[in-house]
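Next up: the structures, one after another.
Note that subunit A is present in both complexes that follow, paired respectively with subunit B and with subunit C.
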Partner chain A sequence: MQLTGKSKAALIIGLLPAFLIYTVFAIYPIFQSFYYSFMEWDGFSEMEFIGLQNFENLFQDTLFWNSVGNNIFVVIASVFGQIPIALFIALLLNRKIKGLKIFRTIGFLPVVLSTVVISLTWSLIYNTKNGMINEILRAVGLDFLAQNWLGDTKWSMVAVCITVIWQFVGLYLIIFLAALQNIPEEVMEAAKMDGASEWVTTWKITIPMIWDTIIVAIILCISGSLRTFDLIYVMTHGGPSHSTDVMALYMFNETFSNLKYGYGSAISVFIFFFSLILIGIVKKVLGQKFI
Partner chain B sequence: MSVKNTLIYAVLIIFSVINVYPIIWMIINSFKSEKEFAVNQFGLPKTLVIDNYIEAWGTANLGVLFKNSIFICLLATILTVLIGALASYFLARIEFKFKNALYTFFIFGMLIPIHATLVPMFILLKNLGLLNNPITLLFPYIAFHLPITIFILTSFMKAFPKDIEESAIIDGCGIFRIFWSIILPMSRPALATVIILNFIYNWNEFSFALVLLNDPALQTLPLGLASFAGQFTVNYGAQMAGLTMSMIPIIIFYLFLEKEIVNGMTAGAVKG
Partner chain C sequence: MKKLGVLVLSLLLLFLTACGGGEEKASGEGKVTELTVWNDWTENRPEYKVYKDIIAKFNEENKDSIHVKIESIPHDQYETKLRTQAAGKQLPDMFRVWPGARIQPLVEGKALLPLNEILDTWEGKIPEGIMKDYAVDGKQYAIPANISETSLIYYHKDAVKKAGFEEFPKTYDELKELIKTLNDQKVTPIALGNKSIWPLQSVYISTIADRFTGSEFLPSTLSGKGSFTDENFVKALSVVEELAKLKAFNEDFNTIDEAQSRTIFNSGEAAMHFAGSWAIGPILEGIENIDNIGVAPFPSFGGEGDTAKISGAAGGGIALNAELSGKKKEAAFKFLEYFYGDELYQGLAKSNIVVPVQVEMDDSIPEIYQTANGFAQGGLAPVYDATLTPELTDMINNGLQSITIGEKTPKELAEEMQKENEQGKK
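Take a look at the complex of A and B:
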C-alpha cells in the first residue's frame, strides 16, 4: 500500500512505540556498555575515564579466561550432546510410528520449564546425601561411584552440562522433526524403489535434505549456550573454586558483587563481540550468509 | 512386531523416561516426609504428606510470587504483542523509505546477548527511578521480545494477498481501521504463537528479575524460588513441594497448547 500524506502520520504513530522502547531498552544499553567499559566506576562515585585499561586487565585476568574456557566447554558439550541425540530421536520418530504425539509431547516438555526450576530440580538429583543419582548407584551396589557431583571440581562441569543437554534436546528434536516431515514423500518413495537401504537413504538423502535446518540448529545451540547464566547461577554459582564459572556469570559477579561496573562492562562488550564473531564464523564455515 | 521396531520403541521409551522421570521423581517425593524420603526414595508415598506444601507455600511466599509473575507476564505479553503487531503491520504491508533497514534493525535484537545489557539496564532504570517498581520488568521484557514478535508477525502478514487493503480503502476504511478490523483478525494463528512464546519467556525469565528487583514483595516466581531454595537447603520435601507448585501452571498450559507451542518454537527457531 502506498502512503498518502495522512498515512505518514499514521506510520509514525504505528512504528514509534516499538522503535522507542526497543531502541531505549535493547540497543542503547549495548552502546552504554561500550561507554562504561572505558571507565573505572563502582556504580556510585564519579566515573573516571581510563581508556583501554579495563580491556588490558581483562586480557591478563586468568579467572576471566577460565570462564571463557568453561563457556566454550558448555558450547561444545551442547552442540555434540544435543544435536546428535535430537537428530537420532527425530529420525526414529519420523516413520509411521504409534504414539508419535506422546513421545513428542514428553520430548519437548523440559523446554517450557523455567531454567530456575530445572536447576533446582537437578541440584536435588545431584545431591550427595540423598540425591537420585547417588541413590541409584548405591542401590545397584556401585557405592564407590557416588560423588558430590556439583561440589567436586572434577565433576561439577560435567554435571552442569548434562543438565543443559537435558533441558534443550527437546527443542532441536522438534525442529528436526518439523524439517523431516516437510520432506516430500515422493523422494523417499523413489529411493525405496531404487532399492536403497534405510541406512543409505538416511545418510545420502534425508540428512542432506535437512542440512540447512541442522545448521540453523547448530547456530541456535551455540548462541544459546554462550548465554548460559541462570542455570549455573542457581546450581553452583560458578563454584566450586570457579570450576563452573562462565562469562555472563563472571561479568555478573565482577559488576554486582565486586562493584566493578567498568570492568563488568568490558566483559559485556567482550561477550557481545565474541557471540557475533563466533556465530559469524560458524555461519561462514557451514556455508550460510551472516545475518 | 519385528526386532527392529522393538528396538526403536525401546530407545524412544528410554529417551522419554530420561526426559520426564526427574520431574515425576520430584513430584512423588514432594508428598513424602523427610524420613520416608530417606528410606524410600523410588516408591510411591505411603501416605500423602501435605505439610511440605503448606510449609513451602508459607515460607516461599508463593502466593505473592504467583501474583507478581501473573501480573508482569500478562501485561508484558499484551503490550509486546500489541506494539509488535502494529509495527509488523506497517513493516509488512506498507511501502515507505528505510522499511527494510528498519526491519533489519528490529531483527538484529535477536542476536543481542541479554547479559551484555544487564549493567547498563540496571543503571538506566536506576536513573529513571524505576528500580523496584512493579512495572520495572516490563521495559526489558518488551524490548527484548519485540524482535521475535515482529519477525514472526511480519512474515505471516506479508503472505496475505496484495489487494486486501484496496477494497477496504474504497469502502472508506482508514489505515488503523484496516489494521484492527482486517489484518489483526486474519493474523490469529500467528498472534496465538507470539502470545504463547511471549508468555513462556516472560514467565520463566530470571536474569533481569535478579538484577532489577531487590524487594521481596515484587519478586517473580523464578527469582523467589531461587532464593527460597538457597535459604532452606535442608528441607528437601518443602523444596520439592515448592518446585512442583510452581511447575504446575506452565505444565498445564503446555499440555493444552502443545501444538501451538511447538509450532511457535519451530517458527521462532528458523531464525535465531
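Take a look at the complex of A and C:
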C-alpha cells in the first residue's frame, strides 16, 4: 500500500496517543530513575545531590551482590530449564496427535494463572511438614530425602527456580509449537525420502529452521528472569537469611521498606545496564547483531 | 489535517473541563464538606466494624455539613501506598498512621497537621505516657484508639498441665523445661510463623531484650550513648538461638506467615503461641473451648529490666493532612473529637481490643481479654520496630531469621547493628 502525504499525517496522528502514553509512563520514569540515583532522598524531605555516592555504596554492598548472584542463578536455571524442556515437549507435540489442543491448553495454563496463586500453591507443595513432596517421599520410605525446601538456605533457591521454570515452560512451548508448525511440509517429506532418521531430521533440519525463534525465546527468558520479583516476594520474601533475594526484590525493599529512594533508583539503574549488557553479550554469542 | 487538530484539541478541552467540573462539585456544591479517610480496615474484624459504625453515625448526625468517606487498603500494601503517595504530595485528608518511628518521616516531610489545638478534649482521660507515642517534639499528630501489646503467651491449659505444670512457667528455665517435656510428648511447643520476618523481632525480642537491658537501653543506644554490642542485648538475641536449637518451634516456621501459625495453635497441634493482643479476637473466634486457653506474660529472664512490663505501643491513630485549612480543617477536628470518644473505647473493649482509657468491665468480657488488658497496667516497654530506624529494623528482622537457621551468631548481628547505628548517625 502506498502512503500519500495526507494519510502519512493521519498515521502520525494515529500513533501520537500511544507514543505520548509510552513516553510519559515508560521513557520518562527511566530518566527520572537516573536523576534520583544521584540523590539522597527518603521520599519526603528535600532531595540532596550526592553525585555517585549511591553507586559507590552499591558496589560495596555485599547484600546487593548476593542478590545479583541469586539473580544470575535464576537466569541460568530459566534458560537451561525452560528452553530445553519447552523445546522437547514442543517436538513431541508437533505430530498429528488427537487432542493436541488440550495438551497445548494444559501446557499454557500456568502462564495465565496469577503468580500469587502459583506461589501460594507451591509454598504448600514445598511445606516441610505436610507438603506434597515430603508426604510422597515419606510414603515411599525415602524419609531421608525429605527437606525443609523453602526454609533451608541450601534448597530455597532451587525450590524457587523449579517453580519459575514450571510457570513459564508453557509460554515457550506455545512459541516453539507455532514455529514448528510453520516449517514447510515439503522439507520434511524430502528428508524422509532421503531416508533420514527422526533424530537426524530433528537436529539437522527442524532445530536449524527454528533457530531464530529459539534465540528470541532465550532473550525473552533472560530479560524475564532479570525482572523476577512477585513469585519470590510471595513465596519467601527473599528469605530465609537473604538466600532467595534477587535484584528487583532488593531494590523494592531498599526503596519502600528502608525509605532509600535514591539508593533504590541506583539499583534500578544498575539493573537497567546489567540487563542491557547481558542481553547484548548473549545476542553476540548466539550470532546476532548487538542490539 | 487542520480539522483533525481542531477535533483533538476540542476533545482535550472537553475532557479537561469535565474533570474540573467534577472536582468543583465535590467541594463546592451544597454546604457538605467531604473528608476522605484512608485506612487498612479491610478484614472482617470486629474492631474495624466499631470504627466504621462510629464514622457512619458521625455522618448521620452531621449529614448537612460533613461527610467522611472511608477508603480501605489491605494492610500489607497500606504503608507502601501511604509513603509513595506522601512522596508525591498526594495524601488524602485523613489517614491511619502508626506511632513512633513510623510517623517520624511523615512529620519530617511536613505531611502531618499537629492536633495541639484540640488536645484538651482528652486531657486526664488518656495517660500521657501512652499519648506520647503519637507525639514528635512536643507536637501531637494523632490520638491513640488502642494499645497493641506485642508480647503475650497464649497457651492450651490442658497441654501445659499434661506436661506437668500446674501453672504457667514464671522463669525462663522453667519455660525451657516445659518445651523439652512437650517435645518428648511429641507436641509442638510453640507455633511460630516468621516468613514475614517481623514476629521474632516484634513479639519476641521487644520484650525479651527489655527484660535483659531495661527500657532505657533502646533510646540511649539510638542516641549514641550505648551500644548494641552490650552483653545484655546479645544475651537477649541468644534466647532466640537457644529456642530454635531446642526445637521449640514448628519445623516450617520460616516458610509460613503469622496467621498460618495461629491456625496451628488453634488446632491444638501446638501448646503455645507467642503473639500480641491482636491475636485475642482470632483466637476467641477460632477455638471452641475458650476456657482452656490461658494468657501469660513473658517469663523473667534475669537481667536488669522490670518484669512487670511488656512491650506495646499505642495504635489506631488517624493523622490529618498538613494541607488542610479553613472549613476542611475545622470539620476534621470536629470528626476526631467525635471519633475518639467514650463510645469508641467501649466498643473496642467489647471487641477485645486493649484500650488506653479506663473502661468498665462486665462478665460478658472474656477472661483472656481482661487478663491481657491488665498487663498494660504494668507499663509498656518500647516495641523494637516502632522505635528503630527502617534500616535497623530490616537488619534485626533478617538477622533473627539468620540466627534461627545458624547462618549468623547473636554477636555478629549485634555488631552489625551497632555498625549501622554509628553510620546512620553521620
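For the reader, a short list of remarks on this structure follows.
The rule is simple: the second predicted complex is superposed on the first by the 272 of 291 C-alpha atoms of A that agree within 3 Å, B and C clash if a C-alpha of one lies under 4 Å from a C-alpha of the other, contacts with A are read in each partner's own complex, and residues count from 1 in each chain.
Convention: contacts are C-beta pairs under 8 Å (C-beta built on N, C-alpha and C of every residue); 3 or more make two chains touch, one makes a residue touch a chain.
What you are looking at is a predicted structure, and each value in this text was computed from that prediction instead of being measured.
By the touch criterion defined above, A:A10 lies against subunit B and subunit C together after alignment on the C-alpha atoms of chain A.
Residue contacts after overlaying the shared chain place A:N148 against subunit C, while subunit B stays out of touching range. More subunit A residues lie in contact with B than with the other chain of the pair subunit B and subunit C. Shared-chain residue A:D42: touches subunit C; no touch with subunit B.
By the touch criterion defined above, A:G195 reaches neither subunit B nor subunit C. In the superposition on chain A, contact is made by A:V112 with subunit B only, not with subunit C. Look at A:Y261: by the touch rule set out above, it reaches both subunit B and subunit C. Legend: residue contacts after superposition of the two complexes on their common chain; A:V24 is shown touching subunit B, with no touch to subunit C.
Where the contact sets of subunit A with subunit B and with subunit C meet, they give residues 10, 43, 123, 127, 256, 261.
Here subunit A touches subunit C in the complex through residues 6, 9-10, 13, 42-45, 123, 126-129, 148-153, 236-237, 239-242, 253, 256-259, 261, going by the rule given at the top. Residues 1, 4, 8, 80, 83-84, 86-87, 105-106, 108-111, 195-197, 250-256, 390-391, 394, 398, 401-402, 404-405, 407-408 of subunit C touch subunit A in their complex. If you check the complex, the residues on subunit B that touch subunit A are 8, 11-12, 15-16, 18-20, 22-23, 25-26, 37-38, 41-42, 83-84, 86-87, 89-91, 93-96, 102, 104-106, 108-109, 111-124, 139-140, 142-144, 146-147, 150, 165-166, 169, 174-176, 179, 200, 203-204, 206-207, 210-211, 221-223, 225-226, 229, 236, 239-240, 243, 246-247, 250-251, 253-255, 258, 261-262, 265-266, 269-272. On subunit A, the positions that touch subunit B within their shared complex are 1-3, 7-8, 10-11, 14-15, 17-19, 21-22, 24-30, 32-33, 36, 43, 89, 92-93, 95, 97, 99, 102-117, 119-125, 127, 130, 132, 135, 139, 166, 169-171, 174-175, 178, 216-217, 219-220, 223-224, 226-227, 229-230, 233-234, 247-248, 251-252, 255-256, 261, 264-265, 268-269, 271-272, 275-276, 279, 291.
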